[in-house]
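The next part holds the structures, each set out as structure tokens.
Here come two complexes built around subunit A, the first alongside subunit B, the second alongside subunit C.
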Partner chain A sequence: MEDFIHSESVDSDLQLKVTISREKLVENVNHVIKAVSSRTTIPILTGIKFVASKEGIELTGSDSDVSIQSFIPLEENGIENATVDIPGQIVLQARFFSDIVKKLPGDQVDLEVDSRLMTRITSGSSEFNLNGQDAEEYPHLPSIREENSFNIRTDVLKHVIKQTVFAVSTSETRPVLTGVNWNIQNGKLSCVSTDSHRLAMRTISIETEDNLEKSNVIIPGKSLSDLAKILDDSGSDWVQIIITDNQILFKSNHLQFYSRLLEGNYPNTQGLIPQESKTEVILSTKSFLQAIDRASLLAREERNNVVKLKTLNDNTIEILSQSTEIGRVFENVSTKSIEGEEIRISFSAKYMMDALSKIDATEIKINFTGAMRPFLIRPVDEQDILMLILPVRTN
Partner chain B sequence: MNQSRVIFHIDMNSFYASVEMARHPELRGKPLAIAGKVEDRRGIVVTSSYEARAHGVKTTMQVWEARRKCPQLIVKTPDFDLYRKVSRQLFDLLRTYTEKVEKVSVDEGYMDVTALASRHHPVKLAQEIQQQVFHHLQLPSSIGIAPNKFMAKMASDMKKPMGITILRKREMNQTLWPLPVDEMHGVGQKTAEKLKKIGLQTIGDIAHYPKPAFIEQFGKYGEKLHDRANGIDEREVDPQSEHEFKSISQSITLPKDLTEEEEVQPVLRRLAARLERKLKEKKSMSYQLSLSIRYNNWRNVTRVQSVQQPLQTEEEIYQRAIAIFYQHWNGQPIRLLGITVQSLEPMNKATKQLDLFTYEKDAQKEPLYDTLYSLEKKFGPSAIHLGWKEDPRDQK
Partner chain C sequence: MNWRDVQSKQHKVAKILTNALKNGRLVHAYLFIGDRGTGKKEVAYQFARSYFCPHSDGIEPCGQCSECKRILSGNHPDLMVLKPDGRTIKKEQVANLIKEFTYRGVESDKKFFIIEQADLLTPQAANSLLKFIEEPQSQTVAVLLAENRYQLLETIISRCQLIQFTPLSQSDVESHLTNQGISKNIARLASALTQDVQEAKALCEEEWFANAIASVIHFMEDIYIRSNHAIITLYEEFSLQFNDTVKLQTGLDLIIIWMRDLLNLHLDKLDEIVYIDQMEKLKQQLLNVSIDSVVLGLSLVLEAKRRLDFNSHPLGVMEQLALRLQEGAGSYV
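Then we have the complex of A and B:
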């Protein structure tokens, strides 16, 4: 009886009271925590903002460069995800909150916040009490007007990201190169990335309103990698994309992903792509990739991962790699055709494997213009994906 | 010089694996392999413990193969920072016996103990060193004792682990000469084949082959080989050799503390210019640069950066150094600035990953490389090498 009175008196003091499916909560906390950084200069951003309304529960994580908002509707496809008894909001320490919900024993999680922002999380027989922070102090997300938006199918977007983001620079010496450059013109979106040693370019058609044009949109590579990870299980078929001067917003069913854009001018890469070709080799993507992969067993023991490629007379190329300490490897790979001048060229096995593994074509053509000049790898009949690699100079 | 010397060659037994076992006692007595990439099945075994070798695990074997030979094999990725640190401790310990210590690599070195030998019996001294190394660092070693470097090196190879072997000149006919030529230090696979072709099977065969005829066939290198087979090797134990080859440093203690960027720039330029000259003298390029800043409160900051495009010119070195400086200077007054270039590679072996925005400069030299290639095809490798024009500033 005393217990009952006690809990009544606490209840009257409550600012928020909800019950959520633990699985749903874990999934959505995992999404938004990708934006949370422990090294933020704004202390409250080490937390996750939790807002319960009559429609559902909204979680937000942010490091002020990237913000992710994820929504759990009360009901979805006839399945109840959550019930909100008292709507309200709170900010909870992200690392602790995420670790706690992952390990809670029950299928349901009860979350209650009292007037002192003390948050009680119960599940099964377990109870946690966490100190919350005032959600009023949490910064507002950038407000973005929904004009000039366009849509991309989720699977296509993920694929485009995968095909470009690997080539961004990891060094801060030239910050714009840590991003992927998006340009929109004539209903086409082209995505380019380069770390100055290799370059990846992918173009897709998009449907835009009133001939949308955008140039020099530079999206941090890390934002795109994180987005691709989250989009995995979002279950939505289309992503709506809105670009402003300094922000990009990706919206899917229950997810909003904001990223700051990188400042500065992306170099004009179009002019750097060789237009002519002195040697053209056409061969099977798979057998070439496997040969390079084998050669790299020794190449990666050496600086710059060097493998050497040499055209031979009978439509064959020779792949060679050596490590002073370990040994040498030779391999001849048959090609479909070799046209033009004879070539001997050295390049990084890693860059070649990165590029080949992103091309979904059974046959590729490689165009060389000289041993010290960039070369191009493309599917035989497609123009919408291009990989460029700079060779390694050996003496 | 002609007075008889006493040289030790100390060789650490499966160094990486031993260091791991010293650091993680629970690994002791277990088959352990250090491999390039553990998660990658095809990572290559770099070294392995004696327990693993007993199961047939060998260096350069792929991890999956090693695992098949020895299912209970524990595989770890190398921790080079740790190995370097332990290696420094090892050589510091060796230097407490004599200054004449030459580091050949992380896990082997020579000591010239001639001066100590008048007071200590060489074998006792070797036992003492071996015990001290084992006691302080828990690392097994083998020591070879001989009158010169070559024989000491051959000796340390004869008994492992924890072996001590003496090679005497007068016993060479029993110890060294019966060994097959493959086992002679300095003889590679190619040379071994060539030696066998002319009927030389053992080191003794080389020693007894007429010297002029041998030199005729093997050149200058052959002369050294012939001498060594006869127990002649006059190379000194050189404590400086490590520094000469592995890194070059330049630093300036400033006449007055610097507080402005504009004052720092010319100092770094000067250091870079000196390093360029030294690198060119040594015909080397550098893949790693470190910048040291000492503040007026004596706090030292050293930051290292690796590069894919080797550094050699003043401009290349300066640009790297100043970029590191801007990243790490905390604004306090600076007393000393230093630049070290390390991870050196001979110019004719250095490779350069070309850059999309600057490759044109390299491409201009392409016709030259083509010429080199056709000359090489005609006359064989090393017929010709790229040189460089002497910079007039270098001449004093």
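Then we have the complex of A and C:
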């Protein structure tokens, strides 16, 4: 049997031949396999695309919603990662390829593909023959024009994602709301998400060449959560972002993350944000968050997890919550200042905690415009982050 | 496959679709209605290729480019195909499709959806689909394939352009089979059983089919000529040959064709006879059986088929049929 296999591989009809450091290969296969889903309807997407060129080796994994591409340069910091004898491309079954390379015995892996797409993987004394698939069948990722790109620091991007993704809708009834809406104007990137009960908005300054303007770029929330996880591994300080018609690309060092965009028009959220304010409360983020957290201990037993807030005279607010079956909780929280009309308002404790935990500032400012109107939470002297919550109607 | 092939088989369909492509006037949802084997699926894929192929002259896809190839191999990311999972297309499957509707295309802003056997959509699944075939967001074409339009929701039908596929004629199927070297009498029977060329061909190539025909001929002879043998043949030969419900249904269809031949012989319509190699036996039986008793016999066989559909015990159904047929044939008198 062994002789039979060996006699099959004739050097002359090889379509691809590379030698690659196993450690590098394992590391990069691990990156791209995160995008591969076993529940895909497109057969070729169960595979990883492997492309060897004169510059290096590029791996791609995709579930058609997100695609991850990873590049292994032939040489990096004077260390040789790979040698390409015959450039070429092949698609290999992701699960098997990843398991195989992890367990291969040697430090180097040789990979050869013949004209029938039979792929021979050898390392040390071990040899695998895998049936490959035609790389032409693999989805084409959008070609990239660098001129429409901009850069964001990796930690800032991760922060922006964390501060917006939590508020996307989980219901499919309005699909655009399952995404975060990105707009770029006048060198500022604004990211908005809402599930129609609350809204999160974050604005940052970005450096763009020639006044880049983009609007209605709706990125699925799930893609952004995936991206945030990937960014940890990239080890780069900056992320380059390129927006094409159908996809958005995040490029970081040797990793590229593509996500499809959502179809449709994002609702105009600017009109939702109240411009006037009747009551303004300034208080410590931490003590307020802790008070809400305590109140929600009882509130979460009830269906909507509702807590009530009431302004008192001596610069304090009262937080209360009650459950008919379990009991009630009161707490007075002292504030820095309360200006304007008195207010009694009810809201979801979960939404409030979600919002407060995303704000880093030590002091926040809450603006109310009535018990039935949405209210705003912002850091005291920053305008670049804004949380909006709709109150709950109670008796 | 190209549009000329389609035209030769489904003239009207080819004309409607190629005209729509030529004028760039595609509607967002089509409903292809037609029997099995009329080529609905092939036409849907052909249509998808014309839609995506960048090298097409507006109508005919090139068949060489990666778009065309990937559509046929099922690897095109912007073509989504939905097939029944088991006996129905369930709501979760449609949810997946709807998710695709809400994302932008992977490679282009065009999207194409094919829903095979759309008459198997559960009502919930069909309802959740309504909104999306009504208001597609971008350049989207959905093609629903169905055999039976009456099993579809009215609300689905009213949102689609209906494309009716004409059934293949029996002689088309027959000549197709004989061209492939299948003997004339078997080809004639197979084409009388099904309009689906593939299915007919598969039948002809099965050894079982030839034996089944022989058994049916033997059985009919016993019913109408040697009546006291009929029950024995039923136990010893017929029931072993047709040992499951699907096979038995085919057997009953073969009996129906035999009876139809008897009728045609009575009426002197010799060119419509299917069992052409059994003329002698048919003529012999003709002497024993009147037109009325053949008509009665036909209704008895149809009744038996219905009972099988309702999961009656196959052998019981056949026993009853054999006895009743003999009564009808008047051979006891």
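Going forward, the second predicted complex is superposed on the first by the 290 of 395 C-alpha atoms of A that agree within 3 Å, B and C clash if a C-alpha of one lies under 4 Å from a C-alpha of the other, contacts with A are read in each partner's own complex, and residues count from 1 in each chain.
Assume a contact is a pair of C-beta atoms (placed from the backbone, for glycine too) under 8 Å apart; a residue touches a chain by one contact, two chains touch by 3 or more.
All of these numbers come straight from a predicted model, not from anything done at the bench.
Trainee: Aligned on subunit A, subunit B and subunit C: do they clash or fit?
Mentor: Superposition result for subunit B and subunit C: clash.
Trainee: With the two structures laid over each other on chain A, which partner does A:V156 touch: subunit B (first), subunit C (second), both, or neither?
Mentor: Neither: A:V156 stays clear of subunit B and subunit C.
Trainee: Touching A:L272, do we find subunit B (first), subunit C (second), both, or neither?
Mentor: first
Trainee: For A:L289, using the defined touch cut-off, is the partner it touches subunit B, subunit C, both, or neither? Pick first, second, both or neither.
Mentor: neither
Trainee: Quick check for you: in the superposed arrangement, does A:A228 touch first (subunit B), second (subunit C), both or neither?
Mentor: A:A228: touches no partner chain.
Trainee: Taking the superposition on A as described, I'd like to know which of subunit B and subunit C A:P142 touches: first, second, both or neither.
Mentor: In the superposed model, A:P142 contacts subunit C only, not subunit B.
Trainee: Once chain A of both complexes is superposed, is A:I206 in touch with subunit B (first), subunit C (second), both, or neither?
Mentor: The answer is neither, since A:I206 touches no partner chain.
Trainee: Could you tell me if A:G370 is touching subunit B, subunit C, both of them or neither one (first, second, both, neither)?
Mentor: first
Trainee: Per the contact definition in the header, classify A:G264: touching subunit B only (first), subunit C only (second), both, or neither.
Mentor: Once the two structures are laid over each other on A, A:G264 reaches subunit C alone.
Trainee: In the superposed model, identify the part of subunit B that clashes with subunit C, out of 133-141, 187-195, 259-267 or 295-303.
Mentor: That would be 259-267, the one stretch with clashes.
Trainee: Could you list, by residue number, the parts of subunit A that touch subunit B in their complex?
Mentor: For subunit A paired with subunit B, touching residues are 173, 194, 196-197, 199, 267, 272, 297, 300-301, 303-304, 306, 326-327, 344, 346, 348, 370-374, 388, 390-395.
Trainee: Can you check the complex and tell me which residues of subunit A touch subunit C?
Mentor: 41-45, 64-65, 136-140, 142, 172, 175-176, 178, 220, 245-247, 260-264
Trainee: Contact residues on subunit C for subunit A in the complex?
Mentor: Against subunit A, subunit C makes touches at 66, 69-70, 73-77, 80-81, 95-96, 98-99, 101-109, 137-138.
Trainee: Which stretch or stretches of subunit B touch subunit A in the complex?
Mentor: Where subunit B meets subunit A, its residues are 36, 42, 44, 60, 62, 287, 308, 323, 345, 347-357, 359, 362-363, 365-366, 369-370, 373, 385-386.
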